[in-house]
Every structure is written in C-alpha cells, then in structure tokens.
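Some notes on the structure that comes next.
Chain IDs A, B, C and D follow the sequence of writing; residue 1 opens each chain.
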Amino acid sequence: MNRKWSVVAVAGLLAMAGCSSDLPVDTGMTGTTGASKDAGAKSEFFDQARYEQQLKFRSTAPEGPADKPWEQMISPAMVDTAKLAKPGGGYHLCFSNASVDNPWRQVGFKTMQEEVKLHPEITKFTVLDAEAKDDKQISDIQSFASQGCSALVVSPNTTATLTPAIEAACKTNVPVIVFDRGVNTACPVTFIHPIGGFAFGADGAEFLKEKVKSGGKVLALRILPGVDVLEQRWAAANEIFAGSDLKIVGVEFTDGDAAKTKTIVNDYLQREGQIDGVWMDAGATAVAAVEAFQDAGAPIPPFVGEDQQDFLRMWADQKMTAVAPTYPTYQWRTPVIAALKVLNGQQVPKEWVLPQPKVTQDTLQSFLKQDMPPLHYAMCGCESMPGYPAPWK
Amino acid sequence: MTAGGEVVVRLTGITKSFLGVPVLRGVDLELRAGEVHALMGENGAGKSTLLKVLAGVHRPDSGQVEVAGRPVVFSTPREAQEAGIAIIHQEFTLLEHRTVAENVYLGREPVRRGQVDRRKMEADTKELLDWLGEDGIDPAAPVSGLSVARKQVVEIVKALSTDAKVLAMDEPTAALADQEVELLYDLVDRLRARGIAILYVSHRMREVFDLSRRITVLKDGAFVTTAPTAELTSDQLVRHMVGRSLDALYPDRATEAELGDVRLALRGAGNDRVRGVTFELRSGEVVGIAGLQGSGRSAIARAIWGVEPFTTGTLELDGVPRRVTDPRAAVRLGIGYVTEDRKGEGLALRQSIRDNALLVRRAALPGSRGRKRSDLTALLESVAVVARGEHQEVRYLSGGNQQKVVLAKWLAVGPRVLVVDEPTRGIDVGAKQAVHRLLRELARTGVAVLMISSELPELIGMSDRILVVHEGAIAGELPAGASEEAVMGLATGHGIGEVA
Amino acid sequence: MSVVQQKIEVARGATGGRSRRFTFTPTVTVYLALVALLVVGSVLVGVQGGVLLDQGGILNILTRSTVLGLVAVGQTIVIVAGSLDLSVAYLVGLCSLVAAETMAGSDGMMVPGVLLALGVAAVVGLVNGLVVTVLKVNAFIATLGVALILRGYLEENYTGPAGSVPRAFQHLGFDRIGPVPVGVLLMLLVAAAAWWYLRRTRGGYHTYAVGGDVDVARLSGVRTGRTIVIAHVLCAVAAGLAGVFLASRLGSGAPYVGTDAGYDLESIAAVVLGGAALAGGRGGVVGTIGGVLILATLDTIFDDLAVDPFFKDVVRGVVLIVAVALYARRKVSRRSA
Amino acid sequence: MTTPTTWRPRLADGTAPVLAVLAVLLVALAFTGPAYSEPTGYLALLKRAAPLVLLAIGQYFVIVSGGFDLSVGSLVTAEVVIAARLIDGQESATGWVIVLLLGFGLLVGLVNGLVTTKLLVPSFIVTLGMLLILDGAVFLWTGGAPRGALSPSFRVFGRGGVDLPVLGHLPWSVVILLVVLVAAVLFMRGGTGRTLVAVGDNEKAVRLAGGRVDRLKVLAFMLSGLLAALAAILLGGFAGVSAQVGQGLEFRAITAVVLGGVLLGGGRGSVVAAAAGALTLEALFSLLNLLGVSGALESAVQGVIIIAAVAYAALGVNTRLRLRRRAGTPEPAPRQ
C-alpha cells in the first residue's frame, strides 16, 4: 500500500501539469558521487589544483583595508549586481543558519548579530536555525520565500544536500549569499569563505615539518571523518607529511570529545614511548591533548592547535612551541557587508576569498584575551565593535 | 435423569505437574451434548488445571483428549477454540480499553473485503446480548466502563460467540449478585437446550444440584467418581470431595486457659463494601470468617490491614483505639496479613527466600537491624521451608513452601494480630497441614489469628469461633465445630441449618 | 456482591455512560491543545508584527511534520503493540542512502531504489521483531542494539552524503498540489493506511490486544508473536519511507539525517504526546499526527518569534512531561470516580 | 529451613557471565597491549572507566527498582558547564561549587522521582523530558557554549592522584570509584537496598508489606542524579570543559547495566555486576582500539553484545526451567 503509493505519487505528479513545484531548474549539478570511505593513501578529498591554489593564496596580498581582514578579498573576480540592487534601505535581511551547536558558530553568530547592528539600513534581521538538520534547513530556506527578504544569507549544514534548496532560492530574485560551507551550484551571487581547508592543514603540517626533528613521531588527531572542510585539512597535511621524513604514528578520530582525546594521546604515549609532534584538524580538544602530555609527565612537543582562548593561554603559560591556524570567525561579518553591497548595486566577487591568518609565537600576545571565555575564538575581528566584549562573554 | 446425547469430549488418564508437583493424577472426564456436567472438588483439587488442559493452555504430561471421538492434542488455546471448546476463566480475560464487541470477537474478528466487519461484529454481539436479556450493554462501549457483573456477561458472550460445542465455566457465579445468578441459570438452560455441553465448576452446592445432570469429583488431583446428580446427596458429595475424616487432621483448638485478653476489637466498623462490623478477637484465638466470595469477608480483612480502610466505626488494638489508614500503619501496629493473592501481593518472586522473609521488617521497620543470620535460619526452620538454601529465589518454590515464606515474613516482625486470607489455597495436603499447625502454634504464643477460607472443612477444623459474613455484614457467629450446613445457611442468607 | 455494592455499580454505570459522552479522549485533547497553541501562537506572533497562519506558515508547519510524521506513524504501531523502536533514526539514514545509491541519478532506477530501500527497512524491522519475540529481548535493548549495529555499518561505510537521486524523483520532495506539498500528502496517506490497519483490520485489532494484555490476547487465540513482528516491520517500513522521502528532498542519501534530527526519541515523544500509552494497547495514529503537528507548530512559532533554539528544547521537554502527566491524572481520577 | 545452609560466597543471578567476560577481556588486554603487562595499565583502565562505572551504578539503582534514567547524559554535560561558569577559574569557588553540583544532581533526581511517582508519568518519558530540558536550559543559560573555566583544584579529582605506600600512585578517580562501589555494595546488602530490588520485582507486595515505595523510587533517582554529578566532576576534571562531555552516556550506562545481567523492568541483578558491566564495556573498547578495530565497529559490537547478553539471560532461564521440567526433578530436593 505505502510502497505503491510512493511510486504512484511520483509518477502521477510528473504527469500532472497543473501542479506547482519548488524544484529548481536542472543545473546538472544535483547530487554528489558516492563518498564511500577510502583506505588508500591519498584522500579522495585531495584536489591537486585547489590545493596548489590555496597554498598560493596564502602568499597573495589581499585587496581591501588591511585592518579589516573581513572586508579583504583575494584574487577577486567581481560580478555586477545592478539588477539585484534595491537602493533605499529598510532592508529585511534573512539568515538561514545551519546551527549554533558549537562554540565556533556561537562566536561567529554573535559577531554577525553585532555586525547587523552597525547598519541602520537593515531594519529587520530574521534568523532561522536549522539545528543541524538538513531537512529543516531546506524548509527554512523555503519558508523565507514568503517572508519578503531583501537578501538571503545561508550557512549550509551540508554541501550536497542543501544545493537544491539554494538553487530554488536563487530563482526568487532575492540575492543569495552563501558562506562557510559551499554548495554545488554557482547560482548564489557570492560565496564567502576563508582560503580553505588545504591551507589550514598545510599551515600546521609545515610548522611541524620545520619544528620536529627528522624522523620524529607525529600523532594526527582528527575530529570526525566526512566533513569536507576537515577532510581537506587532513588531505593537505597528509600531502606535506608524505613529502617529509616525519613518521606519522597514528591518525585518530576524537569525536571532539576531550576525554577520548586524552585517552588516545595517553595510549600513544604508552605505546610509542614518545611523541614529537601533534597535528590537529581543529583545536576544540587541543588543550585536552596537551594535558595528556602533562599528566603523563612527558614533555609537550610542538603542537598544532587553533585560535581558541584556552589553547592560546595554555600555549603562553606552558611556553609551548605551537602554531594556531585559524578558520576565522570574522567571516561571519562579511555576508552582512556583502548583502548591503549587493543591495546598493556595488560589485562583489563571485567567490569572496578572505585571508586566513594563523596565530604564531610572534602574534600570540595580541590574540590572548584573558577575560574572554575559554572557547572564544580569537580571530573574531570583533574587538573593535561597539558592544565588545559583553555579547561574546 | 439419564445422560443423553453423544459424547462430545472425553478425557482419559490426564496427568499434569508443575515444577515436579503433581496437580492432576490420572483424571477421566466425559461430556455429552446437552448436559450440564458439574466438576467439584476442594480448592487445589485440580479443577482449574483440568479446565486449562481442556482449553489448550496447558498440555497434559500424559493422558488423552478426544473430541467427537477423535484424539486431539491442543498446543494453543486457538486450537481448542477451533475444536469447539470455549472456556470462561476465573480471572477475566477482557481488554479494558477495547469495546465489548472487540473483546467478544478477539482473535476471530469477522472480515469482509479485507477489513474487520465492525457492523456485523457489533450486530452479532448485540444479538447474543439480547438473547441473554442483557440489552443494557452497548456492544460499542469500552469494557472499562462496565460493572463486574456485566464483564462476566461479556465473558459468557465471548465464549458463546465461538459457536462452542463445549462451554466450560469456572466459578461463573463468584462475582454475581443473586438476581444475576438467576439469569445465569436461565442462560445455562437455554445453552443446554441448544445441545451445548456445559462443564460447570462451582463450590456452591445449590447451583450444582439445581443445574447439573452429572457430577465429577476430583480430590487432590485425582479422579474420585462421576455420578448422576440425582443419585447423590449433598452429604455424599461432600464425603467424595473431602474423602477423609477431617477432625483428626487439624491441631487441637485453644483451651480457655490459652485465651488471653482482647487483642483486636471492631465496633460498628464499615466502609463502602462492609458495614456495622463488630467483633472481638482474643489473644491466642483462631477465629474463622466464612462467607461466599464477594460477601465482604476479604473486604473486612483488607480494611483491618489498611488497604481499603474502614471509614466508620472504631478499631481497637489491645484496648487502644487506632486509625489504620494504610498497610504501613497496620504493620507498624503489629497487624500482619497473609494475602490470598500470594504471587501478586505477597511475594517478590525473583528475590531470595531470605529477602522475602525479611521484606516486612525491612520495608516497614527500617533502622531495626536485621535479625542475626542464625535467627532468620531458625525462623525459616520453624516454618519448615524446604529449599536448597535461603538464597534460592522463591519463584522456584512450590506453593506450599512459598506460603511458608509468606508466613515467615510476618513472623519476622512478631505481629500481635495475624489475618490470613485463604492460607492454603493451591497448596498440597502436606503443606496444608504444616500451615495449619503453624497457625495454631502462633496462636499459642499469644497472637490473635483471623482466618478466612472458602474451604469449609478447613475453617471449621481450625477455628475456635466462626463469624459468617453475608452481604457486607456479619450474619452470625458459630461456635467451634459448627456444621457445614450451619455455616452455609448463614452464608447464603437463609439462617442456620438451611441449605439447599 | 452486596446490595450496597450493586447500587454503587449502578450509579457508577450511569455516570460512566454520561461522562463517556463528555470526556475528552486523549485524541480530542491533543487537537484542542493544538488549536489553543495555534491561537496563542498567532497572538504572540501577531504582537511581534508577523502572521503565523498565512500560507507560508501553514506550509511550514506541514512541511516540518512530514518526516517526523512518517516515522511517528510507524512508531505508533509498535508502541500500541506494547513494544518500541529505537532504531528508526539510523534506519532513516540507511534507507536514504540505499535509495539514493541505487538510483544513482538514473530515472530508470527510481522504482527499484524505492523498493530496495523499503525492502531493507522491512528486513531491519523483521530483525527487530524476531529479536523481541524469539530471543525474548526487551524491546528497548533489542532495538537499541540494532540501532548500534546500523550505526556501526553507517560509520564504517559512509563519511557523508552519498548517491544521488534523479531530478524526476525530487518532485516527491519539492512539488505541491495547490498549497499542499506532495510530501505531506504522502505522510497523510501513510497515516491513513496505518489508521486503516490499526482500526479496520484484524492485524490492527490484534495489535491493540497484544499491547493491552499479551496473556489475554494469547488466551483468545491471537498469534501474539506474529502480531509483534508485523508491527515492527510496518514501523520500519514507515521509517524507510521517511528515508526515501529525505533522499528525494536532499538529492542524495545522508547517513546521519535521521539521528541529527533525533527521530528516535522525538518520534516516541510525538506518539506519547498524541495520547498513546507507552505500555501499549492505547493510542492511535490520529493522536500521533496531532502530537506531530503540535511539535511542528511549536517549532514554527519559535522560529517566528526568533526564540533561542536551546529554549525550544526546554519547552519540548516540559510539554512532553506535562502532557503525559495530564493523561495519567485523568486516568487516575476516572478510576477513583 | 530444613536444609542446613553453609555460607559460601555467592553471586547474584547474571553476575557470573559478566565477570567471566571481563576476565577474558583483561587477559586478552594483557596479551595485546604492552601497557597491560603491569598494574599501571589496568589502573589507567580503571581511571578511564571510573565515570561510566559511577553512572552505571546510579543507573542500576533506577533500573533495579523498575525505572529508566535517560537524563544522566545531559545531566553530566549540564554539571560540567555549570561548574565552569560558576567557578570561572577561581580556586576559592571550587568548594561550594562542588557542593552545589552534588546538590543539583540530587535535585534533578528528586524531580525525576517525584514526577514519576506522584504524577504517574512513566520514567522513560520523565527522564526523556528532563534530558531535553537540561540540554536546552544549560546552554540557554550560558548562551550556547560553555563559559568560564574550571579551577585546578576542581580538576584534581579527575586528573590527579594520591601516592600511597605499597600501592603507589593511585588516581583520585579510582579512589572515589572504590569508595562509591563499596558504599553501593553495603547499601544494597542492607535492608533499604534489598527492599529497593523488591520494589522492582513486586511493587504491590512491598507497598502492602508497609514499605514506602514512592520514597524508595525517588531515592533511586536521587542516587542516580548524585552519581551523575560525581561522574561529571571526574569527567570535567579529567578532560576539562566541553559541551558534549555527556553525549550518549545514558545509553552507554544502560548498556553497561544490562550487560551486567540486570533485568530491565527491575527486580533482579547486583550492583557489582552493573559496575562490572561498565568496566567490561571500557575494557572491550580498549581492546578493540589496541587491535586497531575502527571506531565504527565499536558501536556494532556494542549492539551485538547487549542483544546477546539479554537474550542469554531471557532464554537461559527458560531453558533451565525446561530442562528441569524435562528431567522431572521434583521440588528442589533437600541436599543433605
């Protein structure tokens, strides 16, 4: 019965001319190819061209004000937005957020909210939170269609699955701006993102290549498999490690669980006797990993972390040798700025690549903020905003 | 009267035991079309088990079941049902949240074009109900809203609806009021007239003599006799059922010297099930309470225990007026209660003998340090529990040993008053005697014992006095050694000595 | 039975009859609560200058109900049977993958994809049912165990979305007939089918009987084991259908699409909210749909009011407990009446 | 008792299998991991397992009395997040915050218990609701992500240890675990503990025996809450602040308890077996890790073993009964 109906429903509806559809026109880009796990040496997420491009972008001087990296852009290819322009202000900005379920997104979202406050021409800011559910985000984007948005900002939960919904949104003549994770379609007016995962992964791996003695044992800690951004980080690191004489003693998934991280590091210390470097694809559990060395009474080796305050503090306090590549939270400011540019008819880059600085020993002190929460991300570009620091605390 | 009609069901040499305890030992039974056949026996004689064998609930260990001359083996109730055998169990087998019609046709719903034919189901149920003169019951109403009596009617309709050739009724009048019993008589007559064989299990002599054409008697799981009703007197029947001289089996009654002060006194006590209950219970005394099921005899006991407390009158314990509002209060005052529902209310079956024996002590009197191991062992020895050890789970014990554990549970807190409700239900003869002896020994230590039993010989044999309850009130008091007729007379509301 | 008691019975019977006409069954209560929620929600949203029940809003509530509705309808059947299914969330993900990978973008593979996904679901349901009935494992543990096994399979074999459905198949997820999305119609059709099964067929009658009292059911000749197994299979197929629908909507299969949304516990919550007893034997599809709509409406109202997502969880938790407490309370007062 | 009972160590039904499995796993660990060739390896395992064992003991109280506690996972998260925010790195706040955390655990248990017993809501639903409420409320309070920081002295319980003569360095968490385990065993041997099990077996019998069933059930939930708070202190101490520290712990704790042969629905099982179940689970994960089995298979293995454990228990009893019946053994013969 059920089975029969689903087929009938599909077949019947295809034939039915009078029915309406929210399905976007075919751009030939729907769906993804199978992403089954690959045990091979080179990750399927590795893409030589993009890898090289990202490494090059790191040294490319960005255009735009140097003190405002969130307004900078690397090798922009500007597009004309005149036909999307709605000058005059009174804008209703809509934002479909994937979730606020981790500190990075929390800091970013706060930053975005403050950015909106800076612009009086935005009179209404509507946010729908998808709570990390693809299906809800699709519904959210659909429901914006009836809410009279001046512009739609989307931070997709998953690249492949959100593509159709965004294609549909593009057709409504509301400018669509995508940031953070991308989508498999070129229809958004601009796609904003920092340089990317390859650059992030390479930053850390190159640091270890330089700091760890030849033949040293390196442990790679990853959060979870399958997330493209994180996969790219590892793919780049793996590429660089392959070209070094460092010995990768293990690649482990921590699920972002601090206790599990500590246990893993502890196990490796017991098994290997000594670890000479730790590479991580994200800093959430970096402090736990450092603690594992402390608890075991082992020296803390060179570390790759991220720009969370707790790691930066640990770094400074323990006088560690470390680097913190970042996936800057200031990118949450850019979509708002981009939306206003589009609505004012100004040009924006088709792909807005933001610079992606790293915290090094030299810049560590300037990012240390003792009064901020431990999981606050230093690269928020928010210190100069009027409300700082209250909303982030 | 002759037994006409062809033989519909014949059981020969049926045996059945549970966990090694024999419950049926070679029982024969023959049912003919259009006869009402009474099955009689004391509690624990094996009547219910025999019924369940017939119904396909239990498979006999040996022996043969024949239906219409052909040997059959029922492995599920459904197979028995399909062979035309329907049972009205003692416990209701109704789903509270389903409608009358749904219950009646459960498992046999009429289907039309792929779906249950609700209309036909309700119409057929209605027809059966009308036929029974029960047009007040709505086939589409949920069972949960019906009175107990009406639920019984639904049970009967459920059995009838199977087009049964054999209908077995286990104590069908237990929950019925007198006028409803009359209706049932009427109903049974009509069923008989239709050629249905009825196996009628009842304790009530009058019903059996009124209704049945033949009587089969069981005793301790064994077949005693089958005889035409017309050829039996009630005295003969009782002798068949009891089959032995009773007096010698019971411990000596209390002498005047053994009786102490008044322990428990009820004055005009009542609640919505009983009224004006007044009696005294002396230390060292065993007082029996007789009455038909549903007469209120258990309600008195449960009120003393605080489960459904008295709302009027007074309860005095050792001369002090007390309010017993819940079992905890009763237990803490020294009132113990051996429930008739041993498994449902008396024991935690998965716990050890030890834990059960200490249950009351721990539950109601926390803080009092548990008895020393040797004390508990002595206690269990004094009740003569036969087991592998005190850590054995009680669910593996026989009914008799389970009952001894229940007694031990109360002895462990040294009660002043012990109320025992059907203390020997479903336990074998040896254990029965042990329980009787225990209760009497307990009385000798100064405990006042109030005993409820539907087994008259037991009640008469054990009690120093007998109170008879009828329709929620005490109908009279009889001295030790009163006759069964006297008790039954009071219990049925006819007065002393009148029994049908 | 005493005369006194008999009078009480008569009196009870009378009030019973009258009150039956006027009592709010849980199903009625759910829909009254839904209406109340819609009214309160409309006012609150109105105060903020929005409209809750315009076409977009209704569409939103319905769309949000689709997947949870499919899963919860299946869950209703097992809960009525006195069982429970904690494996549905992973099953939804698995079936979306099976469908999308089988189709692999080809129009011709649409029917096989759907059939295969539903077949896989049925097998998982069959395993659940057999573990419960044959191995006599408590349903909570049985389905939790199967859930963990499915999770292991998904984690081992998938790292992210996989497979792709042909465009034609996406019409299922995105088309509307007038104002009503096809998915909602599909969900309502499945709900109607489940309602028909539970209320109109012998299997359904037996499901209620088994959930109400398994011993009574057995004594009455119901094949209890088979009934429970069928309930599990139907539940799994409904979850499978939810997976297929999500594949159509997402364009590919996604291993964690079911767990991210917490369809296991959420579907149980919806069923219980709809007035079903967790112990079995009571409840129904109509109530469940009411429960689903309440949850979806709450979500929509919160979105319109821009309520913190964390606050939603708090409200969901409170609503769940309060609703079940109310049902329990009414049951007690009726018993003591 | 007509059978003289000689005292001998006895194991509650279902305890023996889990202990056997645990022993096998420990031996296997010794062969697989060099770290397990000496006591420190096992000590590390104990330390790692301590929070789960505590949660399993708490869950045991609830399950054995006939309930479920699905709220412990989110309670652990909530406790850690609350601790971080309230302590905010200050040493001086540590003491009262720990007291407050334990109190909060008790309070959550009290609410779970009262709603279950007084409002007659099934514990599955109550604690599911509580799970949602705690999950939402704590992040509502902190604005989505953990705030503040734990103080070093707070973290001592999870990270530090005590140096003892003979035994050497003993982690605090192992000390706490042993203390709790001993206390739990003593409690379960006492009258209240036994009555708690009886409640799970036959609630009516206990009520009619004068027991205060509701109070006992509430007590079970409160103990579960308290131990969840303790587990949170150890987890927070071990690994620091994290928003997902408690994720999935409720199901893992239930798995551990069931693995220990404790009957869902109540009335049977020992607390030692529940604790052993938790330890077995951790040992199994460690072994799989050492053998290089992927994390994905971990959950599949977990799924198979809980089904197998419960099926063994359920079918085991039946089979035993059937065998006894077939053998026609009369009522337990006195062995003299």
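In the analysis below, a residue touches a chain if its C-beta (ideal position, glycine included) is under 8 Å from a C-beta of that chain, and two chains touch if they have at least 3 such contacts.
What you see is a predicted model; the values in this text were computed from it and never measured.
The greatest centre-to-centre distance from chain B, using averaged C-alpha positions, is reached by A. Of all chain pairs, the one joined by the greatest number of contacting C-beta pairs is A-C.
Inter-chain spacing, taken between the CA centroids of chain B and chain C, is 44 Å. Averaging C-alpha coordinates per chain places the centre of chain C 31 Å away from that of chain D. Computed centre separation for the pair chain A/chain C is 35 angstrom, with centres defined by C-alpha atoms. For the pair chain A and chain B, the distance between C-alpha centroids works out to 74 Å.
Those residues of chain D in touch with two or more other chains are numbered 144, 295.
Taken residue by residue, chain A touches two or more other chains at 100, whereas all remaining positions touch fewer.
Among the residues of chain B, none is in touch with two or more other chains. If you check each pair of chains against the touch rule, the ones that pass are A-C, A-D, B-C, B-D, C-D. Here chain C touches chain D in the complex through residues 131, 135-138, 140-142, 144-156, 265, 268-269, 272, 278-279, 308, 310-318, 320-321, 324-325, 328-329, 331-332, going by the rule given at the top.
Those residues of chain C whose C-beta lies close enough to touch chain B in the complex are 1-6, 8-10, 12-13, 16-17, 20, 196, 200-202, 204-206, 208-209, 212-213, 216-223, 281-282. Residues 100-103, 106-107, 109, 253, 255-259, 261-263, 266-267, 270-271, 284-285, 287-288, 291, 295, 310, 373-375, 393 of chain A are the ones that touch chain D when the two sit in their complex. Contact residues of chain C toward chain A in the complex are 54-57, 59-60, 63-64, 67, 100-101, 105, 110-111, 114-115, 118, 156-165, 167-178, 182, 185-186, 189-190, 193, 237-238, 241, 244-246, 249-252, 254, 257, 260-261, 303, 306, 309, 312. By the touch criterion stated above, chain D contacts chain C in their complex at residues 68, 115, 119-122, 124-126, 128-137, 139-140, 144, 251, 254-255, 258, 264-265, 294-304, 306-307, 310-311, 314-315, 318.
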